[in-house]
Amino acid sequence: MSAPVAEPTAAPVRQPVPAHKAAAEPTPLVVVQDLARTFDVSAPWLNRVLERKPRQWLHAVDGVSFEIARGQTLALVGESGCGKSTVARLLVGLYTPTRGRFVFDGQDAHAAYASAQGRQLRRRIQMIFQDPYASLNPRWRVEDIVAEPLREHDLLNDAAALRERVGELLRSVGLSPHDMVKYPHQFSGGQRQRISIARALATRPDFLVCDEPTSALDVSVQAQVLNIMKDLQRQQGLTYLFISHNLAVVRHVSDHVGVMYLGRLVELADKRTLFTQPRHPYTRMLLDAIPKLHDTGRARTPVQGEVPNPLNPPSGCAFHPRCPHANARCRAERPTLQTLGGVRVACHAVQEGRI
Amino acid sequence: MDKLLEVKDLVVEFPTRRGVLRALDGVSFDIAPGEVLGVVGESGAGKSLTGAAIIGLLEPPGRIAGGEIRLQGERIDHLPPAQMRRIRGRRIGAIFQDPLTSLNPLYTIGRQLTETILTHLDVTPAQARQRAIELLKDTGIPAAEERIDHYPHQFSGGMRQRVVIALALAAEPQLVVADEPTTALDVSIQAQIITLLKRICRERGAAVMLVTHDMGVIAETCDRVAVMYAGRVVEIGPVHEVIHRPAHPYTAGLMRCIPDMEAERERLHQIDGAMPRLNEIPRGCAFHPRCDKVMLRCHDQRPNLMPAGATHAACWLHEAATTAAAEIAR
Amino acid sequence: MLAFVVRRLLQAALVMLSVAFVAFMLFQYVGDPVLQILGQDATPEQVAEVRAALGLDQHFFVQFAVFVWNALHGDFGMSIHQGVPVARLIAERFPATLELALVAAALALLIGIPMGVYAALRRGTFLAQVFMTFSLLGVSLPTFLIGILLILVFSVSLGWLPSFGRGEVVQWGWWSTGLLTAKGWRHLILPALTLAIFQLTLIMRLVRAEMLEVLRTDYIKFARARGLSDRTVHFGHALKNTLVPVMTITGLQLGGLIAFAIITETVFQWPGMGLLFIQAVTFADIPVMAAYLCLIAFIFVVINLIVDLLYVAVDPRLRLDKTSGH
Amino acid sequence: KPFKWASAGEIATWDIHSQNNALQNGIHAAVYESLVYYNSRTFKVEPVLAASWREVSPTQLRISLRKGVKFHDGTPFTADDVVFSIQRAMAKTSNFAIYTQGIDRVVKVDDHTVDIITKGPNPVLLNQLTELRMMSKAWAEKNRSVEPRDMKATDETFAHRNANGTGPFILKQWVPDQRMVLERNPNHWGKIDSNVTQIIYTPIKADATRMAALLSGEVDLVLDPTPQDLPRLRNNPNLKVIDGVENRTIFFGMDQFRDELPGSNVKGKNPLKDLRVRKALYQAIDIDTIHRVTMRGLSQPTGALVAPQVAGWNESVHKRYPYDVEAAKRLLAEAGYKDGFEVDFACPNNRYINDEQICQAVAAMWAKIGVKAKLRTMPLVTYFPMIQRYEASIYMLGWGVPTFDALYTLQSLLHTPGPGGDGNYNVGRYSNPKMDAIIDRAKTETDPYIRPRLLTEALQLQNDDVAHIPLHNQIIPWAMKKNIEVVHRADNRIDWRVLNVN
Amino acid sequence: MKSWWMRWWDSDIGYSFRTSPTAIVAALIALVCGLSALLAPWVAPHNPFDLASLDLGSARLPPAWYPEGSWTYPLGTDDQGRDILSALIYGARISLFVGLTSVLLSVLLGVTLGLLAGFLGGWVDALLMRLCDIMLSFPAILIALLIAGIGRALFPNAHETLAFGVLILSITLTGWVQYARTVRGSTLVERQKEYVQAARVIGVAPLRIMRRHVLPNVLGPVLVLATIQVATAIITEATLSFLGVGAPPTSPSLGTLIRVGNDYLFSGEWWITIFPGVMLVIIALSVNLLGDWLRDALNPRLR
């Protein structure tokens, strides 16, 4: 499978392609440049004054850049707490970035979110949340839940037409229109997740951010959900950002995979390359830790060492305390993401050719 | 092979406003000492309920309505609460899904550990504390002497799950019921936990009933697997057999649903439809509306577990084999 | 921790200032203190003179500023009605009210919590239903009726307990306590009970509701799975986890007990601040009312502070030092 | 023997010249004595600390003091103390102005004689003196209590909590709102007909609790039992109730000043200015039923504005217009209010016996002649300032006469409002020049023959004008244990000198 | 057509209602009280507010089953000769009106402010919560006096029309605090939930999210508090009436009847005391039991 923009060069990352060039050289739908989000986790002002504590910042996402072409899927993987969800929330505008920008279809998304065109943009960017229980209002009927975006964006106002469209949406995710009158708690986990997919699809978005959409589901339901997502991508040319812990799922759905560690991308490659030829030592460890179905009884090698404290990240390369290849440079100097043979990776050892 | 735990025809019911829901309907299996039994199946199939029934912690109004549970030959399903309490923790340990919520946030982990130890073992508080520290060390918590006085929220998820395991193992139980112990964790921590669990079983000779959705975990950890569907065990057998030569169509479907690391498919295999709700389980085989090998009799006759190759499966497809085997036996 | 306390105290000052301000506004409508001093036949000249002497002729804001300034120096002025420094009046009455409120709160907690725990553990049983229903009587009967019924039964009919007053008190510095004598206790029982009934209801229902939540949590299930005894599980693990909300409400209620024990104090002629306040209202005694309201505001703030500090004692998650972990 | 009693009120201070309050004065009288005092049985003024007195001139009264009297702290009682005490009561911050009204100065003649010089002839001087109690000058000076109250002071006066009188009882303990203990003074100068060694007073604010305290035997006497409980108390074998007429008359006042009443449906005129209307309201009141049902017999219906003990009262002014609904309706129709009218009606609800109930009953009676009185009731704190702002159209008031002389009533209630206390409680602003003239004359008339006639004339004029609608004199019940022996006094205070516990 | 009523009847709440005898009995009692109060002029044997019809001569008659009683006055008469039964019905009418209106208003106010505080956070939250602290320090009585005073200053001649307004306003002003606090607490929890964030991603405006998503999910405790408040409000109303800022004594509310009845505790005329008290307890009990039931019924975990 060849992705038109999947071979990124350094250039578009630094300089966005001006909109007028788009015709000649199709711009990726999603361009994320140096996106960062810092949380102020300092104690309140008075505490700091009295206890002489400094301000404290948590760099949840610290300069992430990637792009996704129309109709493609980028998967983000990485340890718990590495900032995947924060990226997702940044993209849909739940957080404003502290640095960097997110250009959607040639338009600066965060500027738009803040302005009147925000509604238009929100229609085109939707999100599927991780928890199928929590993301549906327990007191609303499915009908109202799925219709809410339609009403909100004045896409449809006529009750009959709304009902028609909701039924259609439910059918498209494999639910029956008769389920409209039920409440969320009357559905199974997989069905609930489909409801939230139906809601996300209601406005015919172009870009779907999926934050661990299947981690609560068992394999058979997971298969159903993933299939629906793929079908939709085929039919409607949807673009996905797909976040998951499950590498097997990632491998199944994605075109490109980004590996995050402590708020930064450490490796970004197309799927096949990443799974067959992982470059970054963390990626390698992660792949080693996947349980394999076919060699029963074999022990895995877990990632060594403890997860570092994001409030006080290690100097240099954040991974160095757990890295078997770390040397003095790794401890002192933070590696940048560089393109090496079509793969972008941030590792001194790889760049130096040590591994 | 002596049986550590025997579950026979276990029935669990929930009386509700629209009649009695039969959540477990004749579940039978057994576990030998030192064995790891995996339990898989669709969400709501009754995996957790089985575990809860074994440790005697069904939440009312749920109740055991039939069948028996034996621990080393002794019936434990209707023991008075006081006696059951002595078994719980002491002879059967339990690990629940969520490490974040399984620990009381208001007490140090040391207190929770020593409390458990003191309840079951005849030791002094000082000895209990010593033992607690050893347990933490065993489960791979660095600087155990210091961390024993920390509160749960001061631990990371993976460490908390290890503490939960330490708690479950505190009184050296013979059986550990682990209900989705790794679902909330990412792969790297999951790997740590599974490794730990396996090591401890090996070293202490405890048996484990491991409930999980993750076939990879099952494959690498278990000796045997039970597959549940709609409140029944539909297949049970050695792990390799079940994964590679599933005898029940549901198991087969389930295995095919797993996204494969090696092979790439444009579309995952899926079992169409959904598991029936408990109050509308069809007559006959509960799986028949979704089964691609459905036969006429599946509509109104319910199959019981029967030998199917190296495993046992509840499917009429294997009846011929059963009768054949029975004839041989006769 | 220090910062926390300082911040709360700053807020306290703000709240008290506002209370004093509103109190001052309020007093414009309660009655005329000058008439109280001079009697009803005073001439306009006399009235004007006294007005000036009391500073009542000054602009509202000037009066307020003077009040705040003096209050900052611990001087709440003189009671117009009694001619006694307000601070002393309140100091005399405070022990009585505080003891009453504390005993009532203790009663409410000691009876309410076990009843709430029982009602939660044995939800649906007969006794639990009885608790739940009868506790409602405590809410629906007006306090004065409860008090008088208690007097009717225990003082008049049975003659067991005294119906009014505080009995013998032991002076202990400026603090007078009735808790050291048997007589003092006998006098305390009925008013404390009257005051406690409403709180008891509240606490019982709150504990029940919280217990029902907590009993469903994983760590309780896990504690059971560890084979801990029921007592340890219910009282050691479950109850402690219900404490945070219970403390909030109890704290507020204790403030309320101190502040608004007026009716109970009237019924039992309990010589506390409530009686003082009623009298102050009757005689339009502005300085007493203002000081009283400020004190109440202060009590609320202090109780809230203590409750917040207790939270931290009970719940380690709230401790501010994030020494280890992630 | 100890004597325990209770009533609703608490005294504000032990300073005897600070505030004029009936209950407080009565309690103070146990510890502090005045020069003269009413005899409890005859209600004639009799000597106490004064041995005798003599009118030197119409404006000068010479009083010789009793000798050998000692204050509780042992200092002897002399003329200096009298001069000091009366001056103290005349201080600006004292509330005793009505008892010192007309007194110009007090002059010491010798150690045991004083002269009281009045501004003019003062017919009620002796009555005034009954309420001016004597305090030791030396003690007050030593303890910085010379002024009854200092507006600028930042601390209470010593005399607020401490007492040093000449009376038969000594203040031992006073914890406000809790208890007050008086002990018998062994060194009292006189002979006292009482076996009480200790008096313990507790204020009990709640009516029901006070009754409970009596029923349970925790107190011996309740000064103010609730009227509805009296039948029950009377039936109790351990208790008794004694009562007597208080010299306080309850009446309704009416706004006769405004040209249009606020809250009324009569526009452009004030119906209450019409004598026929006032009389109709009067005659519509079924005072006997109120007496029987609402007051349970504890009232003395009257047509006069003063009680029988008061100088100026006589049978003819006491006679009421008859209760006659038909006549009332007729009068209303004559006045042009055939269908009645709406009018505002205000009452206190914690001042007089059954005040709110009386007003409700009267409102119902007026309703029967078509007058819709819109009743509102409130506690005395808000009530009195309200009526003094002239906000009520019809209002209830009770007026007692401590001087036992009708002038006290006439001046306050019937004189056109003006300076010097004239009409200070004439809040309906009734005004009749003839009335004013009579009252002004009575102020200085000392002739024992003319004076009562003037007073009666004024009272009769009030009745003719229906300036106010009198209802009744209150009858005050006291409830006590059977073994208590007291004399019921019309001023509703216990005379400590004649109290016995058997 | 299936009406909303049928749907309700069939829903989980309806089912839990049908199967809870306490809820049914409580609802019936509440219905009877409510209807008789609403239809007082047609239900009550007498009109106790019609002063001209009162006869002082027949005051304090005992209930009909006593020898001196008469069936004209089934529950006896009070000190003004009012028929107690009628007075109860008319009184409940006033009390329920005042109680329900003021509770409704304080719920409205409290919930709105609580939602705002919880949802907006920051200085709005801090300000509102400090306001709560201040309000907590004032007894309803003082607030009532304040309002009555201001009212009097503004409308010097409008006693009667003002009375109910002052009552309701002052009970409201002291009552809203607890709703505000409770709602704020729940809102803080609720606004973190994913369904709220989902709504934001959809582009729903914050105020709308608050109203349509958060509000329904925080109403549970409010309901329970409100039912309890009804009884408290009735009592407060009585106290305020005594202070002269409430209903006139010639048209006594239930609270006023109780307060007046208090005087007859020892006098032997027990019916003047007991019946109003019992009436209030019955109302409070039924409303509370309903509230209790509703709270349990609305909680899916208890279903």
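Observations on the model:
Order as written gives the chain letters A, B, C, D and E; numbering starts at 1 within each chain.
Convention: a residue touches a chain if its C-beta (ideal position, glycine included) is under 8 Å from a C-beta of that chain, and two chains touch if they have at least 3 such contacts.
Which chain is which protein? Per UniProt: A = Oligopeptide transport ATP-binding protein OppF; B = Oligopeptide transport ATP-binding protein OppD; C = Glutathione transport system permease protein GsiC; E = Glutathione transport system permease protein GsiD.
The model shown is predicted, which means the values in this text are computed figures rather than measured ones.
Each step here moves to a touching chain, and the least such steps from subunit A to subunit D number 2.
Should one ask which of A-B and B-C has more C-beta pairs in contact, the pair is A-B.
Averaging Cα coordinates per chain places subunit B and subunit C 53 Å apart. Taking the mean of the C-alpha atoms as each chain's centre, subunit B and subunit D sit 90 Å apart.
One simple way to say how far apart two chains are is to compare their mean CA positions; for subunit D and subunit E this gives 43 Å.
Rounded to a whole number, the gap between the C-alpha centres of subunit C and subunit E is 24 angstrom.
Shared interface positions of subunit B, defined as residues touching 2 or more other chains, are 156.
In subunit A, 307 are the positions where the chain touches two or more neighbouring chains simultaneously. Counting only residues that touch two or more partner chains, subunit E has 145, 262, 265. On the subunit D side of its complex with subunit C, the touching residues are 10, 12-13, 15, 18-20, 92-93, 95, 97-98, 149, 151-157, 160, 175-179, 202-206, 208-210, 212-213, 215-218, 379-382, 384-385, 388, 412, 419-421, 424-425. Subunit E makes touch with subunit A in their complex at residues 193-195, 197-204, 213, 216-217, 300. Across the complex, subunit C meets subunit E through its residues 11, 14-15, 18-19, 22-23, 25-26, 28-30, 132-133, 136-137, 139-142, 144-145, 148, 152, 212, 216, 252, 255-256, 259-260, 262, 281, 293, 296-297, 300-301, 304. By the touch criterion given at the top, residues 207-208, 211-212, 215, 226, 228-229, 231-232, 262-263, 286, 289-290, 293-294, 344, 349, 356-357, 359-361, 363-368, 372, 374-379, 382-383, 391 of subunit D touch subunit E in their complex.
The part of subunit C that touches subunit D in the complex is made up of residues 30-32, 35, 37-43, 46, 49-50, 53-54, 75, 78, 81-85, 88, 92-93, 144, 147-148, 151-152, 155-156, 159, 162-166, 266-269, 271, 275-276, 278-279, 281-284.
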